[in-house]
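Alright, structures below, take your time with them.
Each of the next two complexes has chain A plus one other chain: chain B in the first, chain C in the second.
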Partner chain A sequence: MTLGFYPGCSLKGSSREYAESVLALAKAFDINLEEINDWNCCGATAAHNMNKELSLALPTRILSLAEKQGLKEIVVPCAACYSRLTVTKHELAEDSALCSAVTESNGLEYTGSVSVLNVVQFLDKYITPNLEGKVVKPFDHKVACYYGCLLVRPHEILKFDREEDPQSLDTLMLKSGATPIDWAFKTECCGAGLSVSRTSSVGRLSGKIIGDAKDRGAETVIVACPMCHSNLDMRRDAINSYLGEKIDIPVLYITQAIGLAIGLDRKELGLQRHFVKVTV
Partner chain B sequence: MSKIGVFVCHCGENISATVDCARVAETAGNYDGVAFSVDYKYMCSDPGQNLIKNAIKEQGLTGVVVASCSPRMHEPTFRKACAEAGLNPFMCEMANLREHCSWVHEKGEATTEKAIDLVRILVEKVKYNHSLNEIKVPVTKTALVIGGGIAGIQASLDIANTGHKVILIEKDPSIGGHMSQLSETFPTLDCSQCILTPRMVEVAQHPNITLYTYAELESLEGFIGNFKAKIRRKSKSIDEKLCTGCGLCTTKCPVKKIPSEFNEGLGKRTAIYVPFPQAVPNKPVIDRANCTYYIKGKCKVCEIVCPTGAIRFDQEDQIMEVEIGAIVIATGFTVKQPDFFPEYGYGKFPDVITGLQFERLASASGPTLGEIRRPSDGKIPEKIVFLACAGSRDPAKGIPYCSKICCMYIAKHAMLYQHKVHGGKSYVFYMDIRAGGKQYEEFVRRAIEDDGVNYVRGRVSRIYEKNGKLIVAGVDTLLNAMPVEIDADMVVLATAGVANEGAEELAQKLHVSYDPYKFFAEAHPKLKPVETNTAGIFLAGACQAPRDIPESVAMASGAAVKVAALFSKDELTREPIIAVVNRQAPPVYSSCVGCFLCVSACPYQAIEKEEIKNRNGEVIKSIAKVNPGLCQGCGTCVAFCRTKSIDIQGYTNEQMYTEVMALLNEY
Partner chain C sequence: MSSDAHHSGISGLGGEVLEHTEVKVSHCYQCGKCSAGCPLSEEMDYPPSVIMRMLQTGNPALEDKVLRSFSIWVCLTCEMCFARCPMSIDIPKMMDFLREKSLKEKKANPRAKEIIAFHKSFLDSINYTGRLYEIGLFVDYKTRTLKIMDDLALAPKMLRRGKLNIIPELIKDRSGIAEIFRKANKKNKY
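Right, the complex of A and B next:
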């Protein structure tokens, strides 16, 4: 089976291991993830802060290219890319005048036929139904599933999971043999783009997240967003200096955790790329 | 030859802003049969009505068309004016230029043209109008009040004190409603029970009030003045005549751990129980879902201990039929329950409670006898946080409206806390303080200034537990959106006031309308706040929208006056807009062929068979006959009649056809 794949910038750079683990998992389940040719930036935060039409035109181009390539469903692991693509689809479906303006400026046909899946939806639909029996090494750890801000918001558009108390990652981890803990910071802000401009703020915000996960006995934090991962993992020094203690709980992408459970090679899953050593 | 008067109203600017009223009047003046045509700024005003009356008298008008607003509000006004000038009121028709034209279209030629069309079709219709006489129906001078909270109690007492009979039904084992659960009341801090319980007793003892607790409305039929209600008296499993209310059964019942509804789950009750010591009536009921005898088939401890032998395990629900003339709905409201705020941990953390639960903690009759102790471990909270608008004014939660009572009761809660826990710290997170009401603002200021309650303007994003404290994470918007965290011992959520479960079903039984939030709809938001769209059915209290005690009581008294006014006459007049079967000279008698399709089509069972007999008493023909007391004028029978023998008076087939032809410019 072939599905489309939109990596976005993060999965080609700072979170290569996310891409590696998604692809490794897909391969293990005989799914071919076909990258969209000539894809472009989703616009991220910058575009929609500057120009609405641009912020819609960039994701529309990606969706048009996917249509042209004959793809019906595309997997978008990055939570921010997923949000931009889904919001764009929604806005264009709601406003036909805007839709024609945007597609005209792109010069590419757009019908809105491509479904956009985030990593949870992808796992739910194509991996977990066949997971049982494949789990050779249950991920037998207490895990804190962290959703961040974009994976489940805004609910009116994404219509996916519960906005304030999401459960989808917890359910997936339960199926992989883990024990998800009930904790308070599932959807709190990690500091996002302040990572570069105000690292100390990220230390404080992400510090609360990691601190609470540790206090409640989590052995691993599970994420599904490159930004969350980089703040919770790469900014661990800032976090530790905010908390005044050294916390070495690793942060895993959900695809890495499931990969470990089905016995994939640690290197294939990119575990060696993390700043906080993955000991689980 | 008809002599019709056309009166075009500007409705201030409501019509004249988009319709050229002078031109409408001028055009209408040229129609065949129109003897008089004029436009005026406010036709419903006294000078406007005089214009109509004078024209009728001076011109000898035979019909009137008032081109103004929807007939809903002012048809009675203009018909009355016509009657006063000696014209049969049913010779007056209204063209709805406002709702059907000026409000929904832009200013322009086409809009005025449409207004002219609307007037023309009614000019043609009125030519076929006939004088009609109002129908008189008798009034059953007994009122049914549904719901025994403060609104229902007030309405019952007020109606009963005018000398009319009242049947009060309450679904719970006792009357008293939410008010009986409250500790003190704002803005005076007088004890809720102390002002309520005497009225509860008064209801029970009033010679004009028949009280049925543990009873619900089963069905309703009929119309204003002549309703028939079926009431389900749920089995209490006791013989009320024998029971003395000694309470022995409730002390001996072995099932003791059922969460008490009266204490909002903070206390326990037995399976045979009286909801609270001051209950009216003070006699127990058996909660069959939790009673060991009904679950396992044995126990009967209550029967053994009862000194009067009043326990009746085999008692069944009774359906009782009553005839009533008017209904007051006073079914109240409820508060939004758990799982609505996963981010606030309601249901997960025992010390996150609702406002109603706090009332029970603060109440002298509550599970802690009025001491503020938290549910988890019974400790006195040193720091307490109140969250206003927990759900209210939050479209994302599906409740865009303001629940209205919360700002005041939160101020009261915080004040009570400060009075009872000296040295305690209290915080209120709020969006705006809505303290509109007599002495309300002063009350809130007292909480802030005299009792030192800390008001923080901002929302709370999350509540979580850490080191045995509830961390309330919010924002202070008056400090430049500074994040605030308070480590509290207890949190009180002012959850939104919502309609009762089953409100929709009740509204459908009563044929009254309701809003998107299932609150019952008043007939007019300003001028008919206690009436519903169904004649003879009135509203009181929080079943219409969240209301505090003074408002509920005022509404209840208002509804009671409406009922008393209805009962002040022996007969009611009804509009003669009903179906009639035509009658003709012998030997035909009527074009009705007696197929009686109409009988099965009629939703009101208003059509019966009539036998036409000759002088010898032999039946010559069977035809349909409409009972004018039951017919609601819906017109279903007209559509069913194969021989066009039935017509709605005032809306005959001929009149409808004429209107259509007028619209098509055939006249």
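Right, the complex of A and C next:
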């Protein structure tokens, strides 16, 4: 079984452990993830904040390359990339004049035939059906599943899970032997793209998230987005200084937690790369 | 202005928002759910519902204040306002339009200097290499903002954990990417 794969920039750099754990999991379930040749950055927040045309043209080039490569489905683990690719597909499908303008002026061949899967959709479709028999070390911990923004919003376009109190990560963790907790910050923003330019805001927003997870007894926070991870993990100093206490709850990607449950090697899952030591 | 804008009786900036984004500021009835749910409200000069009201008035002085506001730049596009709006008003889409217009008219709020510098450094990095080069982004951002000391301790920690690439990933079709940037910038330089 071969699926397309769009890692995006974070997974090649500051969040490479996310890529490592996605690939390790795919391998364990005999799935080949084929990277899109010569892919470019999706433009992320910067492009849609500054220049609409750029915010559509960059994802269109990616989707066009995937089509050229004969890929029907692409797995996009980064929630921000997933959002940009899905929103672009939607906008081009809704507005044929816009679609012609973006594709023709940039010489891109695009039909919109490629399906974009976020990490949970990938796991649900290709991993979950065979998961039960493979769980050898149940992830027996209390977990706070954190969805953030772009995995579930805007619901009108993504049509994925529930936008308030989503359940998909909780269900996956339950199947991996964990106990998901009820908490209040599942879909509150971590501060995302302000990480560098306004770190104090990130300390406050991410601080509330980590603080609530801790108050409700979570042993780890589960995420599905590299931006969420870097803010909750790498920005832990800013979080701790906002909260005025030292909180050492680790933050794991959903793919790392499932990987541990099926007995994959910790190093293969990139756990040693985290700033907050993974003790679970 | 589109005929749709005429029918809704919206002129000025609200009319432009409608024409370019199909977002109808007239539909807002000031319930305030966007401002209550917005994680950045308390750091804004005008919370989202007040921005909506300012646009509804059609008063050019208030519209100018919107384009010069800090709010439109500190907005994270987290989409919470849109999710909770009982009238399904796509406020984030409107914010994208307002930011672009604010830049074009050179009205960007001076307090947003770092936020905008980060976006510019980010896009320049993609323009040159096709993918984000994180070290290049940091250096470029520091050059723009002179925030030399910020996050200096982060780089060695990231390097030790294999989280930073020393050499950028260059895509093959860099001229194709540069062409996309050139065309997009011709209409509206970021």
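By definition in this document, the second predicted complex is superposed on the first by the 280 of 280 C-alpha atoms of A that agree within 3 Å, B and C clash if a C-alpha of one lies under 4 Å from a C-alpha of the other, contacts with A are read in each partner's own complex, and residues count from 1 in each chain.
The rule we apply is simple: contacts are C-beta pairs under 8 Å (C-beta built on N, C-alpha and C of every residue); 3 or more make two chains touch, one makes a residue touch a chain.
The shown structure was predicted, so the numbers you read here are calculated from the model rather than taken from an experiment.
With the C-alpha superposition on chain A as described, chain C and chain B clash in the combined arrangement. The partner that reaches more residues of chain A, of the two candidates chain B and chain C, is C. Shared-chain residue A:30: touches no atom of chain B or chain C. When the two structures are aligned on the shared chain, A:109 is found in touch with neither chain B nor chain C. With both structures placed on the common chain, the touch criterion links A:165 to chain B but leaves chain C unconnected. In the superposition on chain A, A:132 makes contact with neither chain B nor chain C. Of the two partner chains, chain C is the only one that A:197 touches; chain B does not reach it.
Contacts of A:188 after superposition: both chain B and chain C are touched.
Shared-chain residue A:212: touches chain B; no touch with chain C. For chain B, the stretch among 473-481, 527-535 or 545-553 that collides with chain C in the superposed model is 473-481.
Common to the chain B and chain C interfaces on chain A are residues 155-156, 163-164, 188. By the touch rule above, chain A contacts chain B in their complex via residues 155-156, 162-165, 182-185, 188, 212, 215.
Residues of chain C touching chain A in their complex: 39-40, 43, 74, 76-80, 82-83, 88, 90, 92, 96-97, 99-100, 103, 114-120, 122-123, 126, 130-132, 134, 138, 141, 150-151, 154, 157-158, 161-165, 169, 171-173, 176-177, 179-181, 183-185, 187-188, 190.
Residues of chain A touching chain C in their complex: 9-10, 12-16, 38-41, 43-55, 57-58, 61, 105-107, 149-150, 153-156, 163-164, 187-189, 191-194, 196-199, 201, 205, 234, 272-275. Taken together, the chain B residues at the contact with chain A in this complex read 341-343, 348, 396, 461-462, 464-466, 471.
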